[in-house]
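Read through the structures below before going on.
Here chain A shows up in two complexes: once beside chain B, once beside chain C.
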Partner chain A sequence: MADVLAFENVSIAYDHRSGRQNILRDVSFTIADGEALGLVGESGCGKSTVALAAMRYLPRGMSIVEGRILVEGRDTAGLTDHELSRIRGNRIAMVYQDPMSSLNPVMPIGRQLMEVPLLHGETDEAAAFRRAVAMLEEVRLPGAAAMMERYPHQLSGGQQQRVVIAMALMAEPALLIMDEPTTGLDVTIEAAILELVRELRAKFGTAILFISHNLGTVARICDRIGVLYAGRLVETGNIASVFHAPAHPYTRGLLGALPRLHGGRRRGRLRPIEGTIAAADRARMGCAFAPRCVYAVRHECEERPVPMVPANGSDAHLARCVRLDAIRASAADAPTIGNDEPVAGDAPILLSVRNLTKEYKLGGMFGGTGKVVRALTDVDLDARAGETLAIVGESGCGKSTLAKIISGLLTATSGEALIGGTDVATIPVDIRPPDLRRQVQMVFQNPDSTLNPSHSIAYALTRPLRLLRNLANRDAKAEVSKLLAQVRLPADMAERMPHQLSGGQRQRVAIARALAGNPGLMVADEPVSALDVSVQAAILNLLAELLESSQLGLVLISHDLALVRHMADRVAVMYLGRIVEYGPVEQVFAPPYHPYTAALLAAAPTPDPDAEPPDRVLEGSMPSPTDVIVGCPFASRCPERIAGLCETTPPPVRRFGEHRIACHLDLDGTPAQPAAETGGRVGIRSSIS
Partner chain B sequence: MLRYSAKQLLNMALTLFAVSFLVFALNELSPGDVARKILGPYASESQVDHLTVQMGLDRPAIVRYFEYMGKALTGDFGDSIVFRMPVADLMFDRLGNTLLLAAISFAVIVPLSVVLGVLAGMRERGWFDRTISVFSSMCASIPEFAMGVFLLGIFVVWLGWLPGTSPLRSDSGWAIWMQFVLPVLVVTFYDAGYLIAMVRSSMVEVMRQPYIRTALLKGMSFNRVVSRHALRNALITPFTVILLQLNYLVSGLVVVETLFAYPGFGRMMLEAALAKDIAVIEAGTLIAVSVTMLTQLFGDLGYMALDPRIRV
Partner chain C sequence: MTEIIHDIGRPRAAPGLGLAGDAHVGLLRQVLNILTRSPLATVGASILLAWSLLALLAPWVSPYPPNRIDVALVADPYPSAAHWLGVDHLGRDILSRLIWGARTVLTVAPIAVLGAVVLGVFLGLVSGYRGGFIDAVIMRIGDTLLAFPKIILYLIIIAKFGASAFNIIAVITLSSAPIIARIVRGVTLDVKNRDYVAAARMRGESALFIMFVEILPNARGPLIVDFFLRLGYTTIAIGVLGFLGVGLPPPDPDWGGMVKEAYGMIFVWPHMTIIPALAISSLVIGANFLATGLREASLDG
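And now, the complex of A and B:
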């Protein structure tokens, strides 16, 4: 039987006024019936183009200049629009990155699902309806029949993606293309979606082309993997052999740059890939990765096209590299493992937050609705000099609200946040005295939108120097070069404009800007989540170096547990505006766990094909912040809920030294208070698998 | 939705009340003596005083305001000094004429703009799109009076097919419907040019949305994607703007009405304003404001019907 999808030496180019740009070059792969192939690569590597080309749906100006794309043995080049529309949605279906925008906002989802069978041969509306309901049940959406009437905006992000998956499976296609299907979803939702994909794949036997920048998600779903760099496949092979014995320096670099969930604390360093991908790399005759490669030898790598060669003596594992032997002989690029010696705990406290609460009253023009959004409830934590305090939790848990209160962009309803003895919880940043303002500086997620595009880097750095430290122009100028050196940027960057910098360089500037005030505390809200893995590693190393060389305290807000494990000294796990677990990182990441922490850890995708899939996946989603919670905020989703107790009684805070967990479950496994209804003994899970 | 409408109607009544007060106060404060205006520059001072007392203009403004509002609620808006007839009758007559012109124009403009805008926007930068874009920006940039004079030159002076004025009287020698052709044409060219551009850019935006790609990659044909998935979404943004054209068509047609001697609302307001015919200005303003607010209410309701994401 023919392969479901085959790319044969496909090159795709984009023609524009200034010439032709290669998007894909000589890409070949096949996907057999029922097989799952993962394609990974960083932004701009061409992986989405592969998906669209398979669908024969290329943006205007892009065309296949070489090679063939075969769908079930048929070359798609000669197909008419009508023939293509019989393949699309029927033989190949697609799942997209952003489910909200992939669904028509003004059409009930039922109608959107029914369209698929009605387009592909079904004539009976009632039969199409039944099929849609059945498929919604397959993707585990509760109340499938009622769901049919809903509009996309009435569903949560996870539910929307389930609808998109149901829609893709409606015609039982031979191939499912998933383009970053879980990017932008919370980690527990992501885990649930990945589990669903695994199950559906087992049930329907659909082949999958799974495109992602996240090696962990690929490891969980796929049989084989292809690594794309600058439009070229640089390595393909079985998932196990590529992850265990990566051959191409780029693949090795990607794996080495990833923080690991089971690594040590930040005294270890990641191995970033030096340099950045350049537009010119696509046009190179030889290896596109050569300019960033430590093993590159000019005459061998750059002067002629590099073929795919067997990596470990087997044709199943290929790499596009001429220096494989030299690389194999060198040491593996694993990140250095840090030690986990406990933090001393005697560093001075920079920030002390006590009982911090933030409420918003919802109201319309004619008075309030009486509803109150509780964004933060009784938050307690300390940040110390020279340490990293990480705040983790899923979107809507209140972690960004907390950061904004600390930095004065929001004010708290009650409670206090002490910085150097001053309670700043209710002082907005514009009326904070300059010295206090200088004390707390922020680094934001997206460096593209935090730097004013019409001001030079020097200007962006000079302003805080003058405003916060009253430096005269000449002193400020000298200080700018010092700051740039501190974030490892060349001094001539000062005269550049933000658009002339890469994303990683811009984030370095944002960090330098924060350092300009010589702050005691730096609050970084998802500082690397907009960056590619290889760049992210360099930024994390920079932050770690800064912490070690100064008494700076870092409050790191992140949803990425591996990153937190790597960077943090202390961790606060937040859920629905409350801290459910808090303590030194090695204790929070080891049993006993709060059930929510356990679920987060189990859900986090790890780039290890041998890792067991999470044994349980959280159901449902976070309650609305307007809901009145009397008991434990996590009770509605907790797999170890004690009926009759958790929903009604606030959990006691259990302390093990500095480590504290707000939960009814006891360390030794007995409920804290005798619960009337519970028969069996339930305990905080002592391990995660 | 009912509650929302009731709330909006109440809002509207309050706004109208405030506007009536403002207009009254403004007229009161502006220089010039009403009695003097009526009697002309050659009347003696005692004649003016006599008329002032006779019209009750010597009493405090607040008393006169409430008296005016009391009468207004019964439909009596006083008499026009320019047109020498009750304002209510005048208003009824002129507003009727204008609404007729507005309705015909609206019925031509809206389908035309939607069809051309959608056809242009569905294939961005295609030949049809380029043609329509040039045409619409040309139409929108030629002022009404220039377009009017241009069309008059062709159809009246050169071809002699249509009447040059539209007084809406059958004794002018032209059938009434023929008197509508040129005013409607001028308004359509001017207004549709703008609306087509609006609909087009909204359609272009919608066609770039991922859900259009989703529909196409389901295997749906392009034309069906346009009619099933794009059309309704593309109309959401221009919908309010389309309804706002009613305001323009009711109270903004001064130039066209003047050009064609059309006995409409806009021209009446212009003449009243030039002659400081306070009673007409006050009543006219209230009507213009009511029209604006009503279209806004309908706009909001229609918006909700089109877009399920919007709920009150």
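And now, the complex of A and C:
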């Protein structure tokens, strides 16, 4: 039988006023019936264009300049619009990143599902209704019949994505294309969706083209993987083969640049890929990766086209590289392993947060609804000089609110945050005394909005020098070069405008800006989450270097457990505005766990095809912050909930030295506790340790 | 997904005026850059430039003194070799009056609009950045002003204070400022939540500094577009005031006044009305073309 989808030497170009830009070059792959192929690459590598080309949905100006795309053996180039639309509806279905873009906001989801078979004229209303309900049950939506009447906005993001998947499967397609289907979702929701896709795949036998920037999700779903760089496939092979023995230097780089959840890597260094991602349109004869490659040899790599050659002696694993033998013999790109010794814990305390609570009253000009949002409830933690305190949790857990209160961009409702003996919890930054303001500086998440597009880099760095350190203009200028050097940027960068810098470079400037006032404490709110993997590694290394060479304390806000494992000395796990677990990193990442921490760890996608799939995934989603929580905030989703206790009584704080867990469960302090008591947690422990 | 620029190896071409902020590229080069990309903007700018040059050089290029009456000419007022656009009912040369009249409209309109921009920018920034009660008060006063039909507002104020260039400027400033304040407030509400504003607060910049140095430059794209659009509207407004007889006092030439004076004779000597009306239109269209072209060019990126 023919492959469900085949790309044969496909090149795609985009024509615009200033000329032609190549998006894909000579891309070839096949997806057999029932097979799942993962396509990974960083932004701009052309992975989404592959999806659009498979559907023949290329945007205006983009065209296939070479090669053929076959769907079930038929060349799509020769098909009429009518035939193409039949293929799109019946044979190939697509799931995009944003579910709301695929759902009609003014139509109940049941009707939208029923339209699929009805439009194809396959069934009558009653049969379509039954199929829609059955499909909603397949995607594990609770109360499927009632769900049919709901509108998209009444569902959570994870539920919406389930509906989109159900809609895609209604047509019983031969191929399901998923373009970053879990990228906007929280890690526990993501794990549940990935689990669902695995199940549905086993049940329906649908082939999948899974496009993602996240190696971990691909490892969980796919049989084979293709790695795209600058519009070319640089490596293809079976998941196990590629992850265990990556051949192409770019794949090796991507894997080496990723912080890992496993083992002690604290204070280690990642292996970033130097340089910036190449645009596909470089009129390059040879390897597009050569300028960034540590193994590149000029005449060999750059002067003639590089073919796909068998890696590891197998035709099933191909890499586009001429230096495979040299690379195998060398280990120059292995990441360095850090130590995992416990921190001393006697460093001076920079910041001490006690019983911090933040409430918002909802409502407009005339009183409002009287509802109160509790963003933070009784938060306690300490940040010490020279240490990294990570605050980890999913969206809405209050971690950013906490960061903003510490830095003075918001004020707390009650409780205190002591910095050098002064309680700053209710002092907005605008009226903090200059010396206090200097103490805490912040690095923001989004590289696109962290620098003012109207002002130069020199401006961004000079202003804090003048205001926080009272430097005269001339001294400030000299200091700007020093700051740039500290974040490994050339001094002439000062004259540039933000839009002339890459995302990683802008984030470096943001770090330099935060360092300008010589702060004691730096608060970094998801500093690398908007960056590509290879760039992210370089920023994390930079932060690690800065921390080692100074007594700077870092408060690191993140949703990424692997990153936290890599960077943090102490960790606070937050859920619904409360700290559920807090302690030194090696203790938080080892049993006993709070059930939520355990779920987070199990859900985190790891780039390891041998990792056990999570033995269970969390049901439901975080309660609304306006709900009044009497007992444990996690009770509504906790797999180990003690009925009648957890919902009604606030959990006691169990202490194991510095490590503390807020939970009703009888958690024993030693890791070697009897299995009988922890039941489900054994599986979790084995999968992450 | 947000667009991340670093996937493209080279920096992007400098985008349009101001919207993406390229203070380093010289303003002249930016303007030329946009003009070469947008034919509409080129046509608009040419019309405005032509009228400005004529107005500037009026003493030298105007063929006759604008107020010289020669009743003998009224016998044959139509365009001729001596009077290219003909003469009006008092025998005054229409071309000369248009050229001198351009001086009036091209000083009054830009000053009025600039005044509106200054006032509107200040109110919009304060309103958007401070929010709350101050915002509500400023915006409600603006809404009240906007609720009046403009012409009525003009007539009330000018009837009260008299017709003079200063009063016309004041009236237009007051009536346009609320709209500009709304534009600036919108940009401010968006920009004030950007991280770079938080960074400015964290280093202790004053509120005024944040408003004018951090926020305002990011509004310059929409403001420049609006400036030219408003220049067009204001030209119409000055024309209307002239037509209603509350414009600039005679005898100095005023395009709206010219239309009004000749209006009664439109069926006898149509050119006396149509030519100044076309002059008004050309200026309005020029300003509109330039505004539209600038907007397209800045959206193009």
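Going forward, the second predicted complex is superposed on the first by the 654 of 689 C-alpha atoms of A that agree within 3 Å, B and C clash if a C-alpha of one lies under 4 Å from a C-alpha of the other, contacts with A are read in each partner's own complex, and residues count from 1 in each chain.
Following the convention adopted for this analysis, a residue touches a chain if its C-beta (ideal position, glycine included) is under 8 Å from a C-beta of that chain, and two chains touch if they have at least 3 such contacts.
The shown structure was predicted, so the numbers you read here are calculated from the model rather than taken from an experiment.
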For A:His153, is the partner it touches chain B (first), chain C (second), both, or none of the two (neither)?
-> first
Using the touch definition from the top, say if A:Ser550 reaches chain B (first), chain C (second), both or neither.
-> neither
Which holds for A:Pro453: it touches chain B only (first), chain C only (second), both, or neither?
-> second
When both partners are placed on the shared chain, which of chain B and chain C touches more of chain A = C
Please indicate which partner A:Thr30 is in contact with in the superposed arrangement: first for chain B, second for chain C, both, or neither.
-> neither
State whether A:Leu409 touches chain B only (first), chain C only (second), both chains, or neither.
-> second
Is A:Glu42 contacted by the first partner chain B, the second partner chain C, both or neither?
-> second
Does the superposition put A:Ser352 against chain B (first), chain C (second), both, or neither?
-> neither
Touch list for chain A against partner chain B, complex | 55, 57, 81-82, 85-90, 93-94, 96, 98, 101-107, 115-116, 119-120, 151, 153, 164, 167, 366
Okay, in this complex, where on chain B does chain A touch?
-> 7, 209-211, 213-222, 228-229, 232-233, 236, 306-309
Under the touch definition given earlier, write down the residues of chain C that touch chain A in their complex.
-> 1-13, 15, 20-24, 136, 194-196, 198-205, 207, 213-214, 217-218, 220
Flag every residue of chain A that touches chain C in the complex, lowest number first.
-> 18, 42-45, 97, 180, 183, 276-279, 282, 365, 407-409, 429-430, 434, 437, 440-442, 444-456, 460, 463-464, 467-468, 495, 497-505, 510, 513, 516-517, 530-532, 535
